[in-house]
Every structure is written in C-alpha cells, then in structure tokens.
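Going in written order, the chains are labelled A, B and C, and every chain counts its residues from 1.
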C-alpha cells in the first residue's frame, strides 16, 4: 500500500513537472512577448532589452526553465504586472476565499447528490428514480453562467418585489465578510454539480442492487434495511467517492464563472483577470495552483479507491 | 421450527399448477406453465432441462423472488402446507435463509466482494436467531469445517476474491446450511467450476442430504449430475415438465420423445462415432413467445402427428404400474421405441494420413509484470509463467486429436502459438513441413494462414455483431485469396452456408438474429473458408445446449471427413472427447501428463490425473459404476507451479519426495501411449478401470 | 437474386440501421423531448433570417420591457430590447447559428482526434498506451476552464481557435472512453478470429472493433455536445468568445449582468435559450442510453 501511494505521488510529481514545462513553453518561449507583456505595449525596444538582460532572459532555455521551476517550487512566481506586487502576496487570500466557497458547495452538492442518488438507485425504475433522473438532467443542463442570472433575478429582483426579502446580488464583500453574500454563489454551484453526483451514485447503486450478492443477502432473510446498509451502500459508494474527488476539478471551472458573475474576490476571478490582462506571471502561478489541486485530488481519489476496494487492496 | 413445523408431516414443498410469467414491453411471456411438484422430507428432486426451460424460474418462485417484472400468475407454492404468496414480507423474511435457503450458480458473484466471509456467514444466525456475536462466530467456523474447508479461521477473515472458486462455492453452501434449513435449492451449483472441483462439491451435497436430512431441489442441465444427486427428476422443456418420475424410471424407461432425444444427444460411454453415433434433436428450442400450439416439442418430434399433437389441453398422464411416473405426451403409448432407429451423426472409420502437424518440445513462457501491491512490496514484479512446458505430439491428416484439461492447463496458450498470435519460447511446431513456431501471423502467407483455422468457444462472441454473416464469410474468402472475383466470392459464401446446413438467406442476416447453434455453424463455415488442412476447435460446443451440441459436433465431424481435415479438438468434456477423438492429449498446468489413442487413455493404466478426471465426469447412465476419486486442494497457480511433478500437490497416488523434487519419467505401456509419472510399472499394471459397464463387457472400458 | 442479396448486404443495412436507430428513440419519451428541442433550435437557426422580427444588430429604444412596441411601430419586441435597444428575440434567434455551427464542428474535430488515439492505446497497449495515456492525463489534469482560458488567452479568440481549444481539451477524454471500450472489445473472439487470419491492426481497430463501440460513443457524443455548448457559452460569458458584434448567447448574458437588479429580462431569455439547447442534448443522450440498454 505504501509503495502504491509512493508510486501515485511519483506520477503526480511527474505530471506536475510536465505541466509546468508546457506552461513555461507556452507562455515564455517568446522572449520578446514576455517583455511586451511585462513592460506594456508602449515601452521602447531599449527598455525591453535591458529588462530582459537584467532578468536573465538571454540565458539558454533549459537554464531559464530550471530557474523558473526552482522559484516556483518555493512559491516565488515573480511580480504581478497588474497589481504591481509579488504574486505570492495576492494569491493566498484569494485561494482561501475560493476554498470557503468550494468547500461548502462541494459538501452540500455531495450530500444532496448522494442522498438522492441512493434513493433513486435503490428502486430502479420507480417514480422516485424517474423524478431524480430527469431532475438531475435538467439541473446539469443549466450552466452556471445561466443559473447565476436566473437565480439572481429570482432572489434579487422578483422576490424582494414580492415579499420584501431577498439576497445580495454581489459577493464583493466590500464591507467585510458577509455570509449572506455566499448563499447565491453556493446555490449556483450546488445546482449544477449535485445532479452529476446524483446520477453517478444512482447508476452505481442501481448496478449494485442488480448484483447476485444482493440477491444472496435478501434470500438470506436479512431485513431490507440491513441489505441496503450492510451490503449495498458500501459497494455502491466506492464509485461516487472517486466521482466526488474528481468533481473538484470541475468545480474549479464553475467557481471561475460564479466568482466573475458575483464579483467574489477569489482565485477564479483572479485567474480570469490575469488572462484578460496578459499578466503572465500571475497566469503561471494560478495555473500551477489549479493543476496542483486537480492532480492532488486525483491522486487522493486513486488512493482512496484502492483503499475502499478490498479486491484491489488484498490482491 | 418456531412455527411448530416439527409436528408437520406432509410434504415439505408442494407446487400446484404453478404458472409464472414475465412481463416485458412485448407483453406477458409465460416462463413456467402448469408446474406440479411434491417434495417430501429428506427427498431430493432434480429439475433438468436446457437453457430457457424455466427451471431457475421455479426456484426463484419458491423463494418468492421473481424481480420487478416476474409474477406467479396461477397456482400455488406451498411450504409445509402454507401458501407462500399469502405470507407477509416479515414472515417471508423469517423463512428465507432460515427454513429455505439457496445455493447459486456463480459463487464469486453471490458473495459480497467488500465484506469478509466470516461477516457474511455470521449474519445469517444473527438475523434469524437471538444469539451473541461470539456464538455466531463459533457456528460459522463450525459449519466451514463441516463443508471441509481447510483452515476455517483463515477463511472467516478472508474476502471472497482471496479463495478459489471451489472454496467460494463451499462457503455459499455453508451459508445456506447455517440455520439448518428444511429445504435447500441448488441452482446449477457446479456449472462455473472445473470438473474435478465439481466432483468434490457433488460429493459434499450428497453428504449433506444424508446428514442434515434436508430436502433438496437440484437444478441442472447435466443429466449425469442429477443421477449423482437426486431420487426423482422433472424433465422440463420450454416452460413445462414433459416427464416426471424416479431417476431410474426416467433414465432407464423414459417415455417422452424429448427425454429420449436428450439421452440420444449426450455421449455416454457406450456411444461410438462409428458404431453407435449420437442422435441430435433437429431444430431449435422455441422462443417463449413463439411456442407452437399443443405440444411445445411437436415441431422437433419424430412422432408428431398433425391433429393430435397440435391440439391444446395437453396434460400429464401417469404411466400405468409406475406410480409417480408421468408424461406430457398424447402419443407415448403408441410409440414403438424398439423399431425407432433414427439416423445418427456419426462418421465412418477413416485411415489417418501423413503427419500434418508435428510439435516437438514446444515451450511457451510469459514474462509477467505483476502490478499488484503485494508483488510490489515483495519486489518480485517480473515473474515467469510457464504456460506450456515441453509439448510434443503429432497430428495426422484426417485425425481428431483431443487436447483435454481443466482451466489453466495451457490449452489456450497452445492454440495461440499454433495460430501465430504468440511465438514459442523454445522447440518446434512443424506444420505442412515448415517450422512455424517463430512465425507470427503477419509473417505467414495467406495460404499458410488459411490452411490452419480456428473454431471458437463462445457463440455469442464468435461473430462480429456489426457485420452481416455473408460479409464476414466473404472477407475471409478474399483474405485467404481463395477467390477475389466478386461473383466467385459470393458463390463460395453460399457454398459454405450449404456446407454447414444453413439457409442461404442467412448471408444477409446479422449475428443477433441467429441462435447460438446457428452462430456456431457460421463459425465453422468461416474456419473452413480457406480449405484448411488443420482446424483448431476450442471448446466449440461447450456453451451450447445439449440438444444442439450433438448436431454441431456431428456437423464438424462430417465436414472433417469430407475434407480429410486434421481436427485439434480442445475440450474439458471427457465424454465428448471419448466419443469423437482418435487420439487424446491430457494436459495439466502446461504439461502433457498423458497421451495416446482414445482407447489407451480411457483404459488402464492411467496417469493419476487422468484417472481422477475420468472419475469426476458425471455420467447419465444408471448401469455404470464408477470408482470415486476426489482430488483435494486447489489448482496451483501457473505463476508459481509446484516443482517436480506438476500434479504432486493434489495427487492421490503420490509416492513421496521424488514427486516433489524430480520431473516424472515417461512410462510407455504401449508404443505411442505415454504417461509422465513416477509410479512403478507394477502399480500401473494393477490399475483397475474407473468406469465399469457391467452390461456390456465388450465396451472398451472393460477390456 | 442471390447476387443482389449479397451486393446489398453491405450498403443497405447501414442506412436501415440508422433509420431503425432513429426510430428506436420513439420508445423513450425523454429522448423524444430532447430530440424535439434540438430540432426546434435547428429549424430556428436555419430560418433565422426569415423568422427573426428584427435584424440582430438593429437598434431601437433601449431596455424595452418584453412585449413593448418598437420605436418606429414596425413590430413588437416580444422579449424586450437590451441596453442598446437591440431586439432580444432576434439576437437569440441569430445567436443559435453560432452555437449550432461551432459546437458540433468542434465536437466532431475532438472525436476525429480522440478516436484514433483511443483505438491505438486500447488495442496496441504497451508503450503506445503508456505514452498516450500520460499525455491525456496531463491535459486532463488542468481544470477544464483554466485550460480554455490559457489557450484562448494565448492564441486569441476566434471561431477556429475555439474549435482548436475544444479539440485539445476534449480529445483526451474521448480517448479514455474509446480506450476503455476497446480494452473490453479486443478480447472478443471475433477480434481473435480476425487476428488469426492475419488482418492488419488498423483494419481490426476500424472494422472489427470501432463499429461495436458505436452505441456508447453516440451517447457520449450527445452529452459532450451539450457540454461543448456550455463551454462556448462560458467563453462568451467570460469575454473570451467570438468577437462582436454578432450575437452570442454567452456574451448577451454578460452584457445583461450589470442590469440584473433592474431589468432581469435581458439576461433571463438568453439563459433559457442556452439551457434548453443543452437540455435537449442531455435528454437525447439519456433517451439513447435507455433505448440501447433495452436490447
């Protein structure tokens, strides 16, 4: 098991290395471009030359990559062009904000998704099943950038008009941290994500309910509740576990949209801002963080899957 | 017992006019019709029939577990006089696993993969009786010992995948016996197991019946197993019981044409492809929604009489003077079995020709990288799997050489080397005068490839579902360069369909419109498309129903005779091998343990493995007496084979250390008959036949 | 007669099969609803010039409420106008063209790249598989939208670039699915039979294996198409989509965002449009899956 974990972590590091190389090549292979992006379009050729010279951009590519990587590992990605401060000063706060948003969204989506999925999968083809299935198809069909305006219209426009109570329409937290401003963004993320988890759980549960060992358990004379709890759930929840871990990767996409829409000062809106402004060091830092989170959760998912599955664990 | 059933002395189980249907989008499909059965305490009754005859449905109806779309639409199931359909869910739950329990076809699938076996066993007493965990553990441990599992503590702590298939089935049986049920249902409990493992399970089931006084319903497609386990038998065909009676009545004096036909299809030791050929039943099993009027067997029956057999209202009639023996046939009293002499599908004796295929000391080792965690921990990730070890034999033109062995014996690897999908590690494979052991299929010429072709095992897998039958045959013809001209290719496709006795319009059909037997015929046609000199048939009929098996086997032999083809027949079915093979090669763990002509291999002296194998084969003939040899232990892993003789871990005749340390010498009692074993010549000479047929002293077994 | 029978055994079934497959959908009401929505939007896109009441970029009175009359009295703004006075209904109708052009095109490109990769990885296994799977893993380790943002930010926003980005980001996922299917199908006996008669690897992959993977791939294709529509919309929403002034549903939503607290209708209708189209594909996929599991 330890060796397996070591191997998985090794693969993870290798993936990160390749990703970093790709990023580096994509964004920094054109040296002139870097100078233009950093110094702005109105800088003179001479200024650019000097800047490149000072920052070691005339060294051979491998040397530059090694230096860049070395700095990246210790968290030094250089200065943000747009914010004029080191990237490492802006990033942590933004990541923390996003973590709060993502954590609650994932937690709530998982709970709802698992609950509905198990309920639907327990009795395949029943009314509950059809309702949950179609319902989750509908909610996953509404992209975040559509559900955000729709929910805003409801809670920020129509509801206050109708009953005089609503929710704040932005989440900029301009006057300090405010829980109510988190409700809408979380709602949008949950709405889009729970359906997928529910469908995967349902499929997994339905498959388990069809297996012969469930038949064995029923024909042993176990009470129905015990069949579900002891025999079905354990096997049915292995697959959704992986799905939920991998969902973090998808959640990050949704987070960008939601943060932009609600002007929430998180990691996603930072990444978009960096891209739109060609803030290359910030893009690099954000991308590396995003990939680290994604690869890390994948690795955890793999390890967890192996751990949960005795067939692999003891083979 | 809680229900005061101790005082009840009627039948344990009674099915009265039971009708079961499945409800699909196409409407109601009757699965079982008018089923009657009475089972008394301590009795065991067999349900036998081919796939789709409704035998498993009966078991599920007894369990009241027919799924969402199945339902009992008529009649009753009475357990100790109580109608099961009137019980509340709670009463039913109390009954299941406690008074009625079940053993299933696939042991691996029947056990929860993520729960220890101990837990799964302990659940049964814990939920039915008010006992402590400790008592439950003790009970479970005891029952594992009772089903003769070595080291019950280890099994208790293990997960299902950690023990072998045979052991899994023993655990399932133990689970069924835990609460000492009055009724045990066994649904094809040995079908998924190897024949030597099957023998052990069958013996165990026999012991249970005696020891626990349990009543049993044994479901099987194998008449031999019914004979070994049951007192009485119901023969089912397409949802109805066609004949019912004691085992001896039904096996020796069958009255229904279907029962008669079924026995004609299975190769009994007396059958012989030249003297007493198999008699296939013509046609196919009707689909449930295409059953004919009147007698369902009518269209396939030689005694069918229009106006009589196609009338509704057919019932079971009792045979006079044989109480309990009844038949569902209007004409059984008019049939004169003595003058009934159907045409068999045998083959005339043929002189074997020159050597076509000669395998000399062929070895195939695989290097396997083991990615399992355990292997990584131990650091031995690369292992050598000795799939084939020193294989040597010859095959002549027009000869049928059978390669016999259980799973993991290396038959499939051998076929792959022959076909050029793998190259041999060592040794020679001389085919038509050329060594092909190192020639991969891409390097072989079209003629070479076309002259050695294969018939595969699984009819549902052998044809590509996306292409029509005709286009698949046409591709082969073009590929082998038999014809390239479009018209000639088409003509050849038709010829091939004629050859395998399929209608020509099948060329346009897709595989899913064909039955299993028909697909297998197409598979044979495909193999013969390039006029092969050798055909390798890998278990070509093992997945087919008995009545279809005989016809396909017959067809294969027929074509072989016509084209003077060499047939390498890979099989685990010794009865069939005995019937059709000229020579037999017995393999165990990649080694040839015995080879010789069919008569030589099936009569003493035997290799101890051949002896055990012969003893394990269930034979559906009441007059046969068999010596019982039950092999202990599991089949060793090919990745970690025993040293010395590969069979030493399970050999009942093991003589000592020499078996573990030295590779066995070859003993040759007659020229060409080779046995790789350490036993002394005297022991060999004293060996008695395993199968004795008292009535027929002239049969090869008693010679 | 027989000649005809055989020569037709190649062509006819392909067409028949398609018709039969399409007809099967009728047995799933979910699928039928999905198909209905897709057909509706396809017709709207085709006939946009005919059915749109106003030119998409023509301006009238800004922020007219739904049902309000046009300034020049030439018609009604059934869904109102936006902040520049452009008719929202007409812009939605014309916007459907963008989506229904680029999304299928991009999805097809992704399959054209992903299928051969998956076939090669699953059938050849070994080193080919290791290399291809690693590449796929690297690309899939990017959160999808992050990948799109980086690609579009680097190569710029245009129709072609969106197709390139979608292909790049989706092909690895398709490869994985195809690989999984091939790993299962390659053990079938008919593949073994093809190998024993010395067929070339590509023929086995394309003729023997691929047609049998078609069912799951069609279902996946529908789902993926829905997802690509979301992606293109999201890019438009984030300002990385097609350049103005042509209408784009995602961009319409961004533009309306600032007015959500006063004029929600400007955002609501494009939201409904894009959601319904995605829903159509998702329902169709579900229906297809349901039907394909039946037999």
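Assorted remarks:
Note that in this section a residue touches a chain if its C-beta (ideal position, glycine included) is under 8 Å from a C-beta of that chain, and two chains touch if they have at least 3 such contacts.
Here the structure is a predicted model, which means the values were calculated and not measured.
Each chain's centre was taken as the mean of its CA atoms, and the one lying most distant from chain B is A. More contacting C-beta pairs link the chains of A-C than the other of the two pairs B-C and A-C.
One inter-chain figure worth recording: chain A and chain B are separated by 52 Å, centre to centre, where each centre is the mean of the chain's CA atoms. Chain centres here are Cα averages; for chain B and chain C they lie 49 Å apart. Centroids of chain A and chain C (each the mean of its C-alpha atoms) stand 23 Å apart. Listed for chain A are no residues, as none touches two or more other chains. Chain B makes touch with chain A in their complex at residues 63, 65, 68, 93-98, 101-102, 104, 106, 109-115, 123-124, 127-128, 159, 161-162, 172, 175, 372-374, 376-377. Chain contact summary for the complex, chain C toward chain B: residues 2-3, 5-10, 13, 27, 188-190, 192-193, 195-199, 207-208, 211-212, 214, 294. Contacts from chain C toward chain A in the complex involve residues 30, 134, 137-138, 141-146, 149-150, 152-154, 226, 230, 233-234, 237-240, 250, 253-254, 256-257, 260-262, 264, 267-268, 270-272, 274-276, 278-279, 282-283, 286. Interface of chain A with chain C (complex): residues 15, 18-19, 22-23, 26-27, 133-134, 137-138, 140-147, 149-150, 152-153, 156-158, 169, 249-250, 252-253, 256-257, 260-261, 271-272, 275-276, 278, 283, 286-287, 290-291, 293-295, 298. Of all the residues in chain B, the ones that touch chain C in their complex are 25, 419-421, 441-442, 444, 446, 449-450, 453-454, 456-458, 461-468, 470-471, 474, 476, 479-480, 486-487, 490, 493-494, 504-505, 507-508, 510, 523, 526.
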